[in-house]
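Paired with chain B in one complex and with chain C in the other, chain A is shared by the two complexes that follow.
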Partner chain A sequence: MDEQTLLAGLRTAVADALAHANGVLALRADHGGAVPHLFKSGDDLSDLAIAPRYPMAMIVDTLGDAWPEARLGVVARGCDERALIELAKRHQVNLDNVTVIGLACSAEQAIECRCAKPYPDALVVGQAVEGIAQDPRIAELEAMSYGQRFAFWSAQYEKCLKCYGCRNICPVCYCPTCALESDLWVETGVLAPPFPSYHMIKAMHMVGRCIACRECEDACPADIPLTTIYAALHRDTAEAFGYVAGHSIDEKPPLLLSLSGTMED
Partner chain B sequence: MSENNGYEPRIVGFLCNWCSYAGADGAGTARIKYPSNMRVVRVMCSGRVSPELVLRTFRQGADGVIVLGCHIGDCHYAEGNHRTAKRIPMLRNLLGYAGIHPDRLRLDWASAAEGPKLAEIVTDFTERIKELGKLETK
Partner chain C sequence: MDYRNVLTVCPYCGAGCNLYLQVLDGRVIGVLPAKQHVISEGALCIKGWNAAAFVHHEDRLTQPLARRNGGFEPISWDEALDLVADKLTETVQAHGPDAVSFLSSAKCTNEENYLMQKFARAVIGTNNVDHCARL
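Here is the complex of A and B:
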């Protein structure tokens, strides 16, 4: 489906949603790029945009904090919907107030993101295409010896500028106090952050949380293949606990639960 | 990495106050010998041992980290060690992906009455870390 057809479909869907919602979060063309924008009833929808990808869920989180009662629509790709589900189960967004206008990704986009599910459940615009069953980078990593892996990651993490871009863009990172900013766990004033600290802590925090949107990797100015290890842990979490982050709001994060699957909160 | 001529590894053990620390105490009182490589840190619960803590311990020069807690069902805090039982295996996987041998991190259970078992676990772990040799993280 070409971009104009998708855009036309999206305009209709956004206009429909605006009949019931206080606003619809979508991308708007701006200076040759696109920025997230809260469209309201009566707004001109001609500059609605669909590319590039943008982590919408974190903006829904921000908007929900500012206007808890507002009814919002959001144009969401598969990854955005997974992020919303993950945030909702962690009590960061209230999905009762959110209408998802699902947008499918193309086969090319799915390959580029090595995405397992390049479409949302609430699909409204576009055609769902098959995802990539398993990130091929996992096999590449597992073909290496421990020594090779260590050398590989040491060289990768050595490039880190500690810009926090990977954390800031992450739609499922929301803690007001971040372990990565604690001098106890990640010494300040040292570049690159010592290994194993920053990236290992981040990877561990991604267990049962990472929804595989690859935004961190896109954001990384040093081109560190951050999501390779997240993907491997994602697979392990599915095997060990039958848990897939962002799959269902009723599935609770396994590392927070007891062995029998209960949680005291 | 097997030829470590007499290398004495540095091992940090996080032992829970209610079971394993008491077990280590019992092993000492009963004069059961085990290698002295392990430096013990007493924690209130094995569930208190966060991934950050383990990673920092490695970065500070530990060649191996062992977490010892109450058996499942015996936790003083009922389910504190349940989280440990899930978290440590996942952290072992992570270490492996990053190229740090997962055997450098071990989780085991030892009750207050299991001094001999604790000594056996620590002996076994020390031998394994000797095989793996020094951990170079710099």
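Here is the complex of A and C:
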């Protein structure tokens, strides 16, 4: 589907949503790119945009905190919808107040993101294309010996500038107090951050939560392939607990279940 | 009920990364990377990610202060500029142009920095010009 057809569909869908929502969060063309913007009834929709990706669910969380009663629409890709679901389970967004205007990603985008589900369930604009079954980097890494893998990750994490961009851009990171800012775990004023604890703390918090949007990897100024770790976490969480983050609002994340229940099951 | 993102240049160093300021009802609440920008390409360092932190900070100076009677007193911009001009003239006359120096800033535009060094060299007559990135 070409971009003009997608944009025409998007304009109609946003206009429809604005008939009953107080505002619709969508991308607006800006300075040669596009950025999230809250459109309101009567706004000019000619500068609506499709790309690039931004963590829309994170912004829905912010807007919901600012205006708890507001009815919001959001143009959401598959990853945005999954993030909304995980945030709702953790009581960070109220989905009763949110209308999802689903946008399908193109086959090229799916390959670039190595995305397993490049479309939302609430699909409104575009056509769903098939996802990538498993991140091909996992097989590459698993072909290495333990020593090679350790050396690989050690070299990657050595590049970390400690910008906290991977955490800041993450749509499902919302804790007001972050373990990565605790002197207990991460010493201030020292580069690179401790290996492997810094990145393993983040990885542990991503179990059952990471929705594979790749925003962290995009935001990394050191080009660390962060999402490879999370892809492996995904696979293991699915195998051990049958849990896929963002799949369904009714499934409870394994780390939120009681320990006894989890162990007995 | 207003949420928008405003493109700007990171104020912290000379690299020129672009970033978006997230603005909610007229207040800056955070930063988003500018994915289309040719230099930063959607990434930022820790300074860029925190470039919005000082905007509404309670410790931010919002008007000139003069040290008087053992404390700081708010004064007008006209008063502040007169005071600085008088003290600069006084010091240069008494001790020569190299008795003063000029500190410029990465938070200014190129043109403002040019004017600062021009003023130092051509008007005051000193090469004592330095920059906040070396502080």
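Everything below uses one rule, namely that the second predicted complex is superposed on the first by the 258 of 265 C-alpha atoms of A that agree within 3 Å, B and C clash if a C-alpha of one lies under 4 Å from a C-alpha of the other, contacts with A are read in each partner's own complex, and residues count from 1 in each chain.
Quick note on the criterion: a residue touches a chain if its C-beta (ideal position, glycine included) is under 8 Å from a C-beta of that chain, and two chains touch if they have at least 3 such contacts.
Values in this document were obtained by computation on a predicted structure and should not be read as measured data.
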Simultaneous placement of chain C and chain B on chain A, clash or fit: fit
Which superposed partner A:224 touches (first chain B, second chain C, both, neither): neither
Chain B versus chain C as contact partner of A:233, first or second or both or neither: first
Which superposed partner A:25 touches (first chain B, second chain C, both, neither): second
Which of chain B and chain C A:57 touches, first, second, both or neither: neither
Once both complexes are placed on the shared chain, angle at chain A toward chain B and chain C, C-alpha, multiple of 10 degrees: 100
Chain B versus chain C, judged by how many residues of chain A each one touches: B
Partner chain in contact with A:245 - chain B first, chain C second, else both or neither: neither
First, second, both or neither for A:151, with chain B first and chain C second: first
Minimum Cα separation, chain C to chain B, after superposition on A (Å): 23
Residues on chain A lying within both footprints (that of chain B and that of chain C): none
Partner chain B, residues of chain A touching it in the complex: 141, 144, 146-154, 179, 182, 184-185, 194-197, 200-201, 203-204, 207, 228-229, 232-233, 236-237, 240-241, 254-260, 262, 264
Interface residues, chain B side, partner chain A - complex: 51-52, 55-56, 58-59, 72, 79, 82-83, 85-87, 89-91, 93-101, 137
Complex contact set, residues of chain C against chain A: 1-5, 7, 20, 22, 24-25, 29-37, 42-46, 48-49
Interface residues, chain A side, partner chain C - complex: 22-23, 25, 30-38, 40, 52, 54, 59, 62-63, 66-67, 70, 161-165, 168-169, 218-221
